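Reviewing the structure listed below.
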Amino acid sequence: MTTPDSAVLRIHCTDQKGIVAQITEFIHDNGGNVLKLNQHVDHAENYFYMRLEWDLQGFSIPKGKIREYFATLIASKYGMHWVINFKQTIPRMAIFVSKYSHCFFDIMARWETKEWKVELPIVISNHEKLRVATERLGIEYHHIPIDKDNKLEQEDKQLDLLKKHKIDFIVLARYMQILSPKLVTEYKNHIINIHHSSLPAFAGANPYGKAFERGVKLMGATGHYVTNDLDEGPIITQDVIPISHRDSIADMKRKGKDIEKTVLANAIWAHLNYNVIAHNNKTIVF
Amino acid sequence: MTTPDSAVLRIHCTDQKGIVAQITEFIHDNGGNVLKLNQHVDHAENYFYMRLEWDLQGFSIPKGKIREYFATLIASKYGMHWVINFKQTIPRMAIFVSKYSHCFFDIMARWETKEWKVELPIVISNHEKLRVATERLGIEYHHIPIDKDNKLEQEDKQLDLLKKHKIDFIVLARYMQILSPKLVTEYKNHIINIHHSSLPAFAGANPYGKAFERGVKLMGATGHYVTNDLDEGPIITQDVIPISHRDSIADMKRKGKDIEKTVLANAIWAHLNYNVIAHNNKTIVF
Amino acid sequence: MTTPDSAVLRIHCTDQKGIVAQITEFIHDNGGNVLKLNQHVDHAENYFYMRLEWDLQGFSIPKGKIREYFATLIASKYGMHWVINFKQTIPRMAIFVSKYSHCFFDIMARWETKEWKVELPIVISNHEKLRVATERLGIEYHHIPIDKDNKLEQEDKQLDLLKKHKIDFIVLARYMQILSPKLVTEYKNHIINIHHSSLPAFAGANPYGKAFERGVKLMGATGHYVTNDLDEGPIITQDVIPISHRDSIADMKRKGKDIEKTVLANAIWAHLNYNVIAHNNKTIVF
Amino acid sequence: MTTPDSAVLRIHCTDQKGIVAQITEFIHDNGGNVLKLNQHVDHAENYFYMRLEWDLQGFSIPKGKIREYFATLIASKYGMHWVINFKQTIPRMAIFVSKYSHCFFDIMARWETKEWKVELPIVISNHEKLRVATERLGIEYHHIPIDKDNKLEQEDKQLDLLKKHKIDFIVLARYMQILSPKLVTEYKNHIINIHHSSLPAFAGANPYGKAFERGVKLMGATGHYVTNDLDEGPIITQDVIPISHRDSIADMKRKGKDIEKTVLANAIWAHLNYNVIAHNNKTIVF
């Protein structure tokens, strides 16, 4: 006997009267049971967001037809952007990593202990450093070095691997490389990056050194989707930790690692559970 | 020209198929527009909670009839516990206070600056201490001293005042008196208390002294509804702040005040905005 | 019988061998007892900071001579920047405020309840708004309107008042005016400002609107000393609170107020207790 | 060319005049340079704590004689409890673990990436589960099952291993077994445990279930030294994370893991760097 599947619908569109009623009726009239419903209206923009999860046990529309029926009966009437995912379909994640390994090891431990329902078929890196730590878990490791001259062709190799392994989303676990627009566009709102930061933010080289010199009292990290504006994509998660003058630059880096790995893990969790709707460089995280 | 009113519905009941559809249809079919909808199912208990706010502009059921229609057409069918409030009706709050005044002054400042939409007709205290600070704002101050022998009769005086002033809810701003069951029952889930605490919690006298001796690293506060079990009612808000060995007991008390006033203010805000559903000694705060 | 006074020494200078020994010997040899000693070496800069508080009971150097003796016997040998304050001398604070009143009311309540050991003889404002709330506490309120043309002459009036009232330090409780270099220089590291912020920071007009559009998940505040670089002075205290898409711009402002008033109060506390050493656009907060 | 070593002195004793002067003179007169000095007086108890780190380059007392000289010249005069450690001596840590592996993997990653200066020769477990994850790093794994009848003899085996491997301190990474007084006494203030908790704390079985039923809004963790009173030893580190009604018991456990691993890591870091002084069931963490 198997647990029946459930479906997660995420939509966004201009706010219109009766959307919630229409959708919940659609679920109910066809025998579904709403498990979770979250809705948000941005009144400033007159814009509507919803995430709805329902139980497919007893749902009268066959799983393979749900998307078609929803598109025809509901989405087309309201001009919705929408996506439906099924909980029993395990998402497939690729990790991109360079030499900093704190986020990498944190993700690997969560994968190895099955904390997350996710497939992790490949790790891609511009260095050899983490091959052993990857392959001992039975995961493929692809060393694809990047330099100024070969970036586009190497990204084509990356894209081939991503397609071959049917990768749904990419995690840049401190990858330290700027992706080209082609890859970013292909995986729009499906590439998660972790960015360290402080208040105020210090642009350019040596941000920790600048933050130290300024004597900031907080270190932070931001998990966000990658866009073509470096570190400027829609924010998924953020957190900070207190620091003081007693923290050297080395201490700041060490503490920064801990906040980075937790914030990135939380961003991945939100993405994995279909909790995020990204729209106009902003996220709604239900 | 006036802004049209909006209504806030809060319900809880055993989870049943189609509840959300029924309610949103009811709103929609009668010309209402959903402003905010939050729903939660406790799957462990098979229990359903919802808060729904809708715009009354164009709503075809007259405001004075909405409760009756909702009760008849929806609530009775599902065995719902429910309440409907209207945003233009300003809630009426009474403050109970003793000698500790940090929460009192914080609330007064929010009231004086109209941060909250709330009426504050009376302050009741078992001491004279805060009379001037109350009356200079044009608020009535009632000194009702409490001792072991007169508690019940003095609470009757309090109840008379609460009724006379049509008080909707009571805030115990460090009132330092245990209320009798009569008053607690009369204002069930409408009396908010603030309770300081630490990890671990230290029962009995001198909790700060015990927390200091144990060297705890966090001080906290809990805003909760009052029940007949002292400090054990449904939790609305909680927060903590870090402390260290460098904090004396006096420092712990000083820092405790800041976290208490913020946590209490957040609990009041949640209550004022009809964001809280209390059920079975637990709250859902939407 | 009076409690004996204690002295607080703060120094900073290039790190040199034996500084701590020299100073603690100086205290000890003259019969003083060290109450608190905090020391910090910035190894990157080879720079030394210390705060030392000692009991004057039984100290053989008369209070009025301590500064002279310290300067001669210790400070001159090490090229120290130093200051000595006495705990029984109550610092005198002036509040500058505009129309936003949350920090103002928070400070007034702490003053009225004697939470802080501070004199508060005057409030200076470019608006009349908070006159009543000031004068009812017996504090002088000075309305000194500022516009583009009169800033320097109005600041001279402010300076006259500050001198007349022997003000030690100024708190900009959301004053919303940029001070001229003359006033900033006169009160170098003695003007505390509160600055709201988010991650990333949004420069220019309407920062809340920009933070909302970007969907930031944290709102913060920074308490700092004022320098001639707007919002760029040495940071004393910082904190953040979580926000989400459910927070409107109005909610962000409301939550921002709470974090601002706490962060500013903590900065004032640190300053009042002589816990802060500012050097090179950075603070050491012991 | 090697970096010269530095020494860390930690003392505690009844507060007496001149202690700081005596010790800093001792360092200075023998050619040492103070790198960090932290001192704390508990005025309520008239008790003195100090941590002092100094550079041994140019220090005229040979490293092997420092303890003897300090004992004779200083400690004996003041009745001090004291310990001196050398930074170049790498501490040796043993991990005790059961089946919950989140803290284990976090520690392993820090060890594998050399984030900490620590030797990790053995992992001891009452289960086989984490053998592979241990041995692949070249660390010995000892499976020592514990039941009611064999606890004391199995602990003797553990003690033999700890001695054989010259273990300095033990980390209970969610070990789930109560240690006998013999082992606790042998490693007094050298066994670090991680304890999850909430406000209020729920004793006995199923604390997550009880916290869920009560609707707590924070989950916490406490890192502490193990004493014979279960979960009641001196607290080293604490932290909390917010939760809400939307978190199921499974979510609470998942979030609890993240806070547990960070809090435990911070406690280990404090211990490893000789930042902790434990006295009377309380810690001073410099």
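For reference, chains read A, B, C and D in written order, and residue numbers begin at 1 within each chain.
The working rule: a contact is a pair of C-beta atoms (placed from the backbone, for glycine too) under 8 Å apart; a residue touches a chain by one contact, two chains touch by 3 or more.
Note that the coordinates shown come from a computational prediction; the quantities given were computed from them, not determined experimentally.
K.L.:
Check A-B, A-D or A-C against B-C and flag the pair whose interface repeats it, over half of the contact pairs matching by residue number.
P.N.:
A-D
K.L.:
Look at the interfaces C-D and B-D and say which one is made up of more C-beta pairs in contact.
P.N.:
If we tally the contacting C-beta pairs, B-D comes out ahead.
K.L.:
Between chain C and chain D, what distance separates the C-alpha centroids? Give it in angstrom.
P.N.:
One centre to the other, that is 37 Å.
K.L.:
Counting only Cα atoms for the centres, state how far chain B is from chain D in Å.
P.N.:
42
K.L.:
Give the residues of chain B that touch two or more other chains, as numbers and ranges in rising order.
P.N.:
Where chain B meets two or more other chains at a single residue, that happens at 40, 43.
K.L.:
What residues on chain A touch chain C, complex-wise?
P.N.:
40, 42-44, 49, 197, 199-201, 212-218, 220, 222, 234-235, 237-240, 244-246, 248-249, 280-285
K.L.:
Within their complex, state which residues of chain A touch chain B.
P.N.:
Those residues of chain A that touch chain B are 17-18, 20-21, 24-25, 27-29, 33-41, 43, 242.
K.L.:
Provide the residue numbers of chain B that touch chain C in the complex, in ascending order.
P.N.:
Checking each residue of chain B against chain C gives 101-102, 105-106, 109, 112-113, 115, 133, 136, 254, 257-258, 262, 265.
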